[in-house]
Amino acid sequence: MLYREAGQFKATYAEDMAIFPIRQDRIALAVLLGIAFIGVPLLASFRIWPFRTDYLLWAILLPFLILALAAVGTNILVGYCGQISLGSGAFMAIGAYSAYKLATGVHIPLAWLGFAIAIPPLPVLASILLGGLMAACAGILFGIPSLRIKGLYLAVATLAAQFFFDWAFLRLPWFTNYAPSGSVNAPELDFFGMIVRTPVERYLLCLLFVTVMAVLAKNLVRGNLGRQWMAIRDMDIAAELIGIRPLYAKLTAFAVSSFIIGVAGALWAFVYLGSWEPLAFSIDRSLELLFMVIIGGLGSIMGSFIGAAFILIMPIMLNVIPTELGLPLSTQTITHLQFIIFGSLICYLLIKEPHGFARLISIGKEKLRLWPFPY
Amino acid sequence: MASIARNVLMLAAALAAAALSAPAAAQNEQFIPILSYRTGPYAVNGAPYANGVVDYYNLINERDGGINGVKILTEECETGYATDKGVECYERLKSKGPTGAAFINPLSTGITFALTEKTATDKIPIITMGYGRADSKNGAVFAYNFPLLGTYWSAADLAIQQIAKELGGFDKLKGRKISLLYHDSPYGKEPIPMLQVLAQKYGFEFTPIPVTHPGVEQKSQWLAIRQNRPDYVLVWGWGVMNSTAIKEAAAVAYPRDKMIGVWWSGAEPDVTPAGDQATGYKALMLQHGAGKFPVHADIEKYIYAKGKGSTEPGKIDEVLYNRGMVNAMLGVEAIRKAQEKFGKKPLTGEQVRWGLENLILTDARIKELGFEGMLKPVSISCSDHEGARYGRVQQWNGKAWKVISDWSTADESLIEPLVADVSAKYAAEKKIKPRDCAKET
Amino acid sequence: MIALGQFLEVLIGGLMSGVLYSLVALGFVLIFKASGVFNYAQGAMVLLAGLALVRALDLLVANGLPLWVAVVLAIGFAAVIMAATAWLIERFVIGPLVNQDGLTLFMSTIGVTFVIEGAAEMIFGSDVYPLRLFPTDAWFLFEGLFPGGILVNKLDVWGALIAGVLVAGLAVFFQRTKTGRALRAVADDHLAAHSVGIPISWIWFVVWLVAGLVALVAATVWGTKLGVQFSITFLALKALPVLIIGGLTSIPGAIVGGLIVGAGEKLAEVYLGPSIGGGIEYWFAYVLALAVLMLRPQGLFGERIIERV
Amino acid sequence: MRAPNANEILLQVEGVALAFGGVRALRDVSFNVRKGEIRAIIGPNGAGKTSMLNVVNGFYHPNHGAITFKGRTRAKMQPFEAARGGIARTFQNVALFKGMSALDNIMTGRTLKVRRGLLWQALRYGPALAEEIEHRRKVEEIIDFLEIETIRKVPVGRLPYGLQKRVELGRALAMEPDLLLLDEPMAGMNVEEKEDMSRFIVDVNNHYGTTITLIEHDMAVVMDLSDRVAVLDHGVKIADGTPDEVKRSQAVIDAYLGVAH
């Protein structure tokens, strides 16, 4: 009854091709955006119940938004184009460090040419986006092997990128402006004069980035390029025979995915951590992003958001609950229990629904259509 | 199928409600969060340290009934030595208890870097005893950072002093080869600037050798060391990297008594896996070493006798357990000092900061607390958040640590210019106006 | 002469440690070859086997049993633990996921990794436990020819011998025995094997058990080298390039891959490393694997992937 | 009926030979396809029919021989050039994109016709949206033509075999091809479905004027639909001509009914 879509007819193709053709979905989206853009800032600024401390904003909502954005990027590569990548951590790192360099002025001494390229410090917004662009270029570079290598073998090729950039940002002091300890600080976040400092401002900044880029990604995925990616994923020989160039399709997938991940990396470093070291973008980050995409649902932008929420919030919940309920467990056993429960939840979900939360929700919608009748 | 979706949603809702319900606000209790790691690759060193901290806080509650009557309320949060988990733990615990966290002790240089800016804005002091940012000794710029009892630059100077003593004088250092095997992270890289300054001053050849996290594989580094034949190898490792270094040194037959570890590479879990091959290995001491001191008697009497200990009674004389206790003691004494000025009630982070900055422990007070023999007098001031730069060296004889050197202090004249230079750069980058310490005392 | 001596020493050291990696890589190959599952949990299984072995050994030795009896009993105990794990994994994770695509199965093994790591450390403790099953000192060969001699570590030699025996045994197992052939059939197509009447759940239990035993063997060698502790799980990341160069489906390939990666890594670190800052071992192995893949997209010995329209 | 203009040759295959190691799939095969005709290629299983299509499509590269398409002669055809030149294809065992709906599968056929670049598609506003709607209108015409309106949004994996074949034909038509290669379009279909598919093939030839090369085992259909028939056996062309000539040729009868070689 709740989800009856009878009577909603599409007159034009544009209507039929909208992101959320069914009215109930559109209402749900509107409510969600309303809460996100107006509700949370209001509650937070007046310190009402959930936001009495800025813990919820700073330690849950902020990382959730940025990791969801990175998960959308990863989903484009793994979910839509079928190229398994374990290098998303490295692309985040490239986004972060190139944004840092651009924001603090780049000086490339070309001794043998007798001159040096010197770029003055750019505004933060420009350096974040250009950081994403640099990540896209690296993505294309490490996408080239995907033309010959397929499947799990490709995962290892992207691991080469992961470990190489881990090493590069630790070892080449040029990237960290010769900081003695190798850890770098984020520059002042001023966007057209407004300095972003309080958790609420940081939250709104990330929310803006995530919404805009998610819509752009959704458009790309529904458009012709998205179909090319999915064709390459499902059967690349047939795709080639109907005129899709695998080179163009795969490299655009790598480029777009790495751009989004690069921007997410820059946001993670500038807005969330404040000062960071390469270990923040290690192999664990790549695996975490892969979990989010698979659990959330391969090939679904909404799935990436749900996957990000699950993988980020579940461990924190498993940690907080025992202490909240006052169970007499030592932190050691709590962490071990958290590992066990988290692992078995992943297996349980994969068995129940191999296509992740996204499919679970669409099945739920179908059930709602029939509710309360059984079939 | 939808039934699963429904269960998951209900579960999530229940969890969310429980997590966000405000815990019962205790009235007369001083909240101190404990960031620790008891799992993951660095648990072998993190766990004993955390046990020392927890036991000492219990001791204060059991023996003295809290600090001047104000009981200590603690909550432990597992960070697994990961920066983002550390930030999440900090955010979760920083405003618990009646007046929020008294101070934060992250026990990881990575987390320290991430929290330095946050703690300054939240006005909560961050104690990095024997680690953290070496330049944060300069209280004028780093008002809320307290690298008590020693930074990595002091440790580097103490290590070189020990080598000079063994070679018979600083002039003997000329032309010698000293390598640094370090954990490839901010923790491992922090001493390098100081060692380069020392290398220039005394004319020895200094070669840094990085070991990638987690340091499980060091064969090629040690083959290179075997060819390079350095006179001494300094070890700046953490977790599995320490024991692997000693085992690989034995594998290439490099003399263990020519290896000197920093005070974080000189504890029982680092030497026991290598067994008798570790004999002769030396390590710096953050003033105290292993063994039992008067305070241990109270620990056994008030804690372990009542079965409230967090580890086996046999392990309470280990190096890292003792360091946990010293760290906890310094925190408690800072609160006691702050209570003298702000009254015997739960204090805010800012008030405890004042206590820390004016913390003075004389020999008599140390004896009263039962720590004599472990610590020498400490006096923190606005311009010197380190308070003391003493160090000794201990050697593992296969079964226990033996102290083989008397007290020595790091040479301020070398460290001061480096601190001033690096902290000035940080102040410029972060647009912080350094406080004028002279005026403030 | 010194340079040659050093080169030989680094080469031998590299080859030896490469073989130790292939001990871990073998577990990956086994499960992929027989069930098409890329088992990320192999590193955690090495940890579980090691913890079970060392805790049982310490307990038995503490109760005064002679060393050799204690070692045999401890190995038996660890084998039983691995058998139970194999049965649980097959019964609750891999069994229900039969015929799912590779990525979902890979993801489920990551779930299994978390469970094993949590359970192993909760039951057996998360401290570092020394293990001394093999001599760990070194021989110095040809001291006459080269000053200081060529250093060969005894533990590495033991590791190489064990790996050789293991590979020979497994190759025979796959070629000669009935179960071995059945395994190869299952790997190609789960449903087809089902229709032919091959008892898939029994076959997979055997595969995961054998992989568990390989993990136990790897644990004895690596446990002695590092001490049994959580960081052993990072060996999985060191074994990946070995696996890829050798080919996911070939057992002898694991050894050859190990030799190439081991030697390549160490030589690069000692000779190329210092000039560009050192610590290049980790990514050099992966770049080496990438180079091999560009030549042969399915590894040196892996089965060619044929696509037909 | 339309009269295939006898002279204009659309596709000329000249002396093509293809071998996989020892196996010689095609031995010196030559034939041509005139513009606007329905050309059939028949022969027993393993005769090399699908390999022939793969050579025309550029998926296999012949050892020697040449292919002239629309006047341009090439030794090796590239799949992308074939598609852009206007060759579309259906496959023996349906090669649809399982992860997409029927509509999306057919829309993928429009890939070569899309002009707007990546950034425009991301914005999906103004001209980009207009182009997308334009492509959607063309695809809707094909969907009406193939009468598969009801299964527009159904994931292709769930469709019955017959409907999947139709969606695959739709995808090929969406490429607006000059030459349509059909690889056993009626395999595994019942009589009624075969009648529908034959009707579609004839309509496509008449309505859109597309030249069709058809591989099919059902002799009744082949003889009824095609203008000219080529017969392959063990990689060799043993007959070529109108359906009646081929029916009477002794070589064809031997090949099908089997004669000791």
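A few notes on this one:
By letter and in written order, the chains are A, B, C and D; residue numbering begins at 1 in each of them.
Please note the rule applied: contacts are C-beta pairs under 8 Å (C-beta built on N, C-alpha and C of every residue); 3 or more make two chains touch, one makes a residue touch a chain.
Please read these numbers as outputs of a predicted model, since none were measured by experiment.
Central chain (C-alpha centroid nearest the global protein C-alpha centroid): A.
Here A-D and A-C were compared by C-beta pairs in contact; the pair with more is A-C.
Each chain gets one centre point, the mean of its Cα atoms, and the points for subunit A and subunit D are 42 Å apart.
Our note on geometry: subunit C versus subunit D, Cα centroid distance of 50 Å, whole angstroms.
Separating the CA-averaged centres of subunit A and subunit C is a span of 33 Å. Spacing of subunit A relative to subunit B, judged by their CA centroids, is 35 angstrom.
In subunit A, the positions touching at least two other chains are 167, 170-171, 237-238, 241, 332, 335-336, 339.
The multi-chain contact residues of subunit B, meaning those touching 2 or more other chains, are 38-39, 47, 184, 210, 212.
Residue positions of subunit D touching 2 or more other chains: 59, 91, 95. Chain contact summary for the complex, subunit A toward subunit D: residues 12-14, 17, 216-217, 219-220, 222-225, 227-228, 230-231, 233-235, 237-245, 252, 256, 299. Contact residues on subunit B toward subunit C in their complex (touch as defined above): 38-41, 43-44, 47, 184, 208-212, 214-217, 219-221, 223-224, 226-227, 239-240, 243-244, 247, 250-253, 269, 272-275, 277. Residues 49-50, 52-56, 58-59, 63, 167, 170-171, 180-183, 185, 188, 197, 272-277, 279-280, 282, 284, 316-317, 319-321, 323-325, 330-332, 334-336, 339, 352-353, 360-361, 363-364, 367-368 of subunit A are the ones touching subunit B in the complex. For subunit D in complex with subunit A, the touching residues are 57-59, 79-80, 82-84, 88-89, 91, 95-100, 104, 107-112, 114, 116, 118, 121-124, 128-129, 132-133, 135-137, 140, 171-172, 175. Of all residues in subunit B, those touching subunit A in their complex are 1-2, 4-5, 12, 15-16, 18-23, 36, 38-39, 47, 75-78, 80, 82-84, 87-88, 91-92, 94-95, 109-110, 113-114, 116-118, 121, 133-134, 184-186, 189-190, 192-193, 210, 212-213, 310, 422, 426, 429-431.
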